[in-house]
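Worksheet: the structure to be examined is printed underneath.
Going by the order they are written in, the chains are A, B, C, D, E and F; count residues from 1 in each one.
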Amino acid sequence: MSGIVVQNISRANPQTIKALAQCGVATVHEAQGRKGLLAPHLRPIFPGSAIAGSAVTISCPPGDNLMIHVAIEQIKQGDILVLAPTSACEDGYFGDLLATSMQARGGVGLIIDAGVRDIGDLKKMDFPVWSRTVHAQGTVKATLGSVNVSVICAGQLVNAGDVVIADDDGVCIVAREEADGVLQSAKTRLVNEAEKRRRLAAGELGLDIYGMRESLAAKGIKYV
Amino acid sequence: MSGIVVQNISRANPQTIKALAQCGVATVHEAQGRKGLLAPHLRPIFPGSAIAGSAVTISCPPGDNLMIHVAIEQIKQGDILVLAPTSACEDGYFGDLLATSMQARGGVGLIIDAGVRDIGDLKKMDFPVWSRTVHAQGTVKATLGSVNVSVICAGQLVNAGDVVIADDDGVCIVAREEADGVLQSAKTRLVNEAEKRRRLAAGELGLDIYGMRESLAAKGIKYV
Amino acid sequence: MSGIVVQNISRANPQTIKALAQCGVATVHEAQGRKGLLAPHLRPIFPGSAIAGSAVTISCPPGDNLMIHVAIEQIKQGDILVLAPTSACEDGYFGDLLATSMQARGGVGLIIDAGVRDIGDLKKMDFPVWSRTVHAQGTVKATLGSVNVSVICAGQLVNAGDVVIADDDGVCIVAREEADGVLQSAKTRLVNEAEKRRRLAAGELGLDIYGMRESLAAKGIKYV
Amino acid sequence: MSGIVVQNISRANPQTIKALAQCGVATVHEAQGRKGLLAPHLRPIFPGSAIAGSAVTISCPPGDNLMIHVAIEQIKQGDILVLAPTSACEDGYFGDLLATSMQARGGVGLIIDAGVRDIGDLKKMDFPVWSRTVHAQGTVKATLGSVNVSVICAGQLVNAGDVVIADDDGVCIVAREEADGVLQSAKTRLVNEAEKRRRLAAGELGLDIYGMRESLAAKGIKYV
Amino acid sequence: MSGIVVQNISRANPQTIKALAQCGVATVHEAQGRKGLLAPHLRPIFPGSAIAGSAVTISCPPGDNLMIHVAIEQIKQGDILVLAPTSACEDGYFGDLLATSMQARGGVGLIIDAGVRDIGDLKKMDFPVWSRTVHAQGTVKATLGSVNVSVICAGQLVNAGDVVIADDDGVCIVAREEADGVLQSAKTRLVNEAEKRRRLAAGELGLDIYGMRESLAAKGIKYV
Amino acid sequence: MSGIVVQNISRANPQTIKALAQCGVATVHEAQGRKGLLAPHLRPIFPGSAIAGSAVTISCPPGDNLMIHVAIEQIKQGDILVLAPTSACEDGYFGDLLATSMQARGGVGLIIDAGVRDIGDLKKMDFPVWSRTVHAQGTVKATLGSVNVSVICAGQLVNAGDVVIADDDGVCIVAREEADGVLQSAKTRLVNEAEKRRRLAAGELGLDIYGMRESLAAKGIKYV
């Protein structure tokens, strides 16, 4: 089952991707019905990045980064690598040399349910990574995995070409074919939130804005 | 047992609260006999904040933030929300809209033994949160909990109106009625520490300052 | 078995130590054959430090920091304390007073498989610590441990006088007697990496630079 | 604050305690409004035990079991020790010698948010323990804690004399003064459950027994 | 997206399912190319069960078991419930009443990436469960989820009607349409293993049976 | 550094080893001054085993069991394999075929800081394993490690030929050259414990047997 490299994958519209990045992870996640969010053990190696891109996926054995080299050849401008080991691993699969190669090919970030290293250099290069851990322990390059197959990364299904959105809140996946629709929902949501924020900032209560008092009373709330 | 909202709670003296914030968590914890410290899995979402305030407590089910809306109505100037789910949960109960509402009502921070989201915005708003995790996954608003009842948050009992002190070292609770006494002890402790710091900085050893050599010898220490 | 303090330990050449710090943890770890790396649960309390020094080791019971006071007397200019509790513990063994004492004696940092506190002050003092956790909960000073005996810290054997290298990637131990050889290997490695970085930045692929295509074909890779 | 031993504590009625044991942890927990349940990291060291008794509480430092010896003197027939360390610890505080002493004094079990050892012997003695871990690593006996003060054990407040119920599902605390009332609720609940069990076993659906179909439709369920 | 109940799902051949149960999880997992294995934090509540069945899937919020009642109506003889909460949760969603209902409808077991309770009763009923934890803390019944939609449970995609195989080694999913092919591979594998077992039991070495000596020499192994 | 197989190792006296098994892990650990105990995350796959033997050690990459095949050739009657991966891994390195081979060569058990599978079969074979987890996920056989070099397994240094003692309490290592001395201490300890057990069973208190009352008073204990 391993050893497959899918070369031509479809990607979402670059404008859509860019716009989704600006909406942010929390909003996009809500906008698509609360699906696609990776587990919160994935954290950014430095704060403040907010990116989106098309997923180039990697499935590989624990402690073996052979397939990252294979995957980088498949990178197009704006892509994000998404690496899922076949069993839990904290090794540092990726460091500044691979990031240099990624950037040279147009890659903009890495999502990895494992470890990363050289994080001082990665910060200097402004190459963002969301990882399970930071670990200087490297890997071997001995065993095949696959590239651009469907993977489950940090609890979510990721297909090659899906849109990856990542910021300080975490990482969310939007199915490629749903990206335009999700963007519309996210924009609507942002408009609604702006209005709510204005009212809340003025001191109105959510209890009133959302009309919750009646429902609370029906549930039996008691003020004492 | 749920569905209770206690509306009028007593709070400690605002001057005392302010002064306790300046003492810091580690000092206050020592000053009150090493009690009241929340478990270290609660971490600040950004470094450098140091706050104190009166606790408005929330007990709520996992994955349900209905009661935060109820609790915000109970907030007075300088209060801090303390949220304890009834079983372990990492969902993002709280984001920038709730923080906007909190700030509009005078709330100064959140202690939550669960998840938080929109942390980029919270940092911009300078709204500090100490949480178990960061998670963009939101909650439902379906089931009652209680507000201003006693809760156990991250391993410590918190009563409504207790003083909450939080900084980069974590979160400590001071019982409302003990706050003035603890502040006196903390101030004494700070004076003592300043003197010790001066002597240690001059190269004196703790072994000598604390007179430990004799006791070490009695315990059988061997220098080889 | 406890209660031993070894007073005169050998240290590596200060020039070697300084040069190893500049190589960084990931490179040194690779250069010595991927050994000596402490487990990744040890993290720096603030980013950006990169230090190296000779290990003064401490073995002590959980929740008891008596031996830190003993160990500080053994510190020489440039040393790093390495503390391993005899069973897992997250207490805050170390804070700003001990750091003040350490700095006065020439100590440059702490590696601790337990907790630390006063991290706001430690950051102001620029005193770096790599720890398992941050915890304001202090310790007692009741029971002997040992200083400068061999310890296992975060999964690695550390002998007194070994070289400790620590940066944002973690902590690596180099045996004192191997330090000069490891430095040579690390330097060679850095030169090689610079050349690889240049080629990768120019858009060459690792697949070609490392000659991996033939080996991948032999393993049965399929491009589809 | 430490070093207190409260000698005369009130206990619930022995008949009530015995009857609560027969109701089981899950039923009692429901019967008292879903409170008092210790966190699920406490597990029995062997399956099949189901006990109840009055809590004799111990607060003690990590890695120090001095106070267990003090507490055993306070044990009356049918009591259960409840030990909470002041910070997280996995040391083996308790083994077959202490269990022998407990049994000789009438103690019937141990709840410990830390480690236990000699579990082969404890099983032979039929002395049940609910613990965080099994660990042969012993402790020191150097520092005072307290006995029969209020403690927070595995996330719950336990007062001396409270009723402890423990079985394969975990451990639940019933406040001493509420024990009789909780027993009545638990008995009612058992009767109701027996009837429900009979109907469910006959093939009726919960959807019908609990009348859930209308509510599901109102929430918008769609059968496809 | 929630609130969907898919009523008519396809199932694999009952003979195939029965035969897969006899092959066991480890063999089936290998036979299908090492895919479909749920994460090892799922453990049986008692040892010795080995079952297989068709998956009836449940997606539901943390701490809310409303949809289990809905799902049980969809159970056919031999089915297994597979429950995945939408975020991490350890609550006890399922106990002896629901198990009674399941058994009355022909259900044979539960796979749940959350908690379970009443495990003493479940053992007496011989109703096997593989769960993340044991927890007497129950849930609410307030919010819709979905039944027989695709879920990701303990890191694996599960579609309704997929074959679930579970024993002391864990839980493996076989896609419904691949079940017959996987069974053939598993049977072949068992025959091969029997022959290998015979040779190994007779003292032959894997080094010789698998012809590994030459490859080891090529990799540079050194016997000293 | 990898790829080394040390073929001739020294072992402790078989009578000593056998006698240490009978003393048990907790007693041996105490008898040698509380050292050598592996971390408590290693648990037996079934209860009731109590073995001792000489360590044949394996260092190997995560997810790669090639070296187990190499190590089995080095097994002598009564040996125990001790496997430490070079970084944290939960894969199932070992199952019933390897156990069959081990038993045919005289091996009596496995200590593995990783996963194991086929545990139903291993129980039937009465082949005991202490592991970090149970996981049906197998490994590759691609990369060299070493056999009979010093390893750090679950936090302890293990040299080839050291005595491994394992029972329900965990796993303890006794240095080969210290085995006879430790056995003497353990026997003395057992005699002392028998006497203490007799007195405690008769109702005497540890407070009196160990003469603790005076020391407690000196520390300031207060009976109230």
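We take it that a residue touches a chain if its C-beta (ideal position, glycine included) is under 8 Å from a C-beta of that chain, and two chains touch if they have at least 3 such contacts.
Just so it is clear, the model here is predicted, and its values are computed rather than measured.
Colleague: Quick one: how many steps at least from subunit A to subunit D, stepping chain to touching chain?
Modeller: Each step joins two touching chains, and the minimum needed here is 2.
Colleague: Considering A-F alongside C-F, which chain pair is linked by more C-beta pairs in contact?
Modeller: If we tally the contacting C-beta pairs, A-F comes out ahead.
Colleague: CA centre of subunit B versus CA centre of subunit E: separation in Å?
Modeller: About 42 Å, centre to centre.
Colleague: Round to the nearest whole Å and give the separation of the Cα centres of subunit B and subunit C.
Modeller: Distance between chain centres, rounded to whole Å: 31 Å.
Colleague: Roughly how far is subunit B from subunit D, centre to centre by C-alpha average, rounded to an integer in Å?
Modeller: 28
Colleague: Could you list which residues of subunit E touch at least two other chains?
Modeller: 34, 86, 88, 90, 135, 137, 143
Colleague: Under the stated touch criterion, can you name all the chain pairs that qualify?
Modeller: Result of the pairwise touch check is A-B, A-C, A-E, A-F, B-C, B-D, B-E, C-D, C-F, D-E, D-F, E-F.
Colleague: Using the touch definition up top, name the residues of subunit C that touch subunit B in the complex.
Modeller: 3-7, 46, 66, 69-70, 72-73, 90, 92, 95-98, 100-101, 103-105, 115, 117-120, 123, 133-138, 141, 143-144
Colleague: Contact residues on subunit A for subunit E in the complex?
Modeller: 1-2, 33-35, 39, 86, 88, 152, 155-157
Colleague: Which of the residues in subunit A come into contact with subunit B in the complex?
Modeller: Per the touch definition, subunit A meets subunit B at residues 24-26, 29-30, 34, 37, 40, 43, 47-48, 50, 167-170, 172, 193, 196-197, 200-203, 205-207, 210, 212, 216, 219-224.
Colleague: Would you pull the subunit C residues touching subunit D in the complex into a rising list?
Modeller: 61-64, 86-91, 135, 137, 140, 142-143
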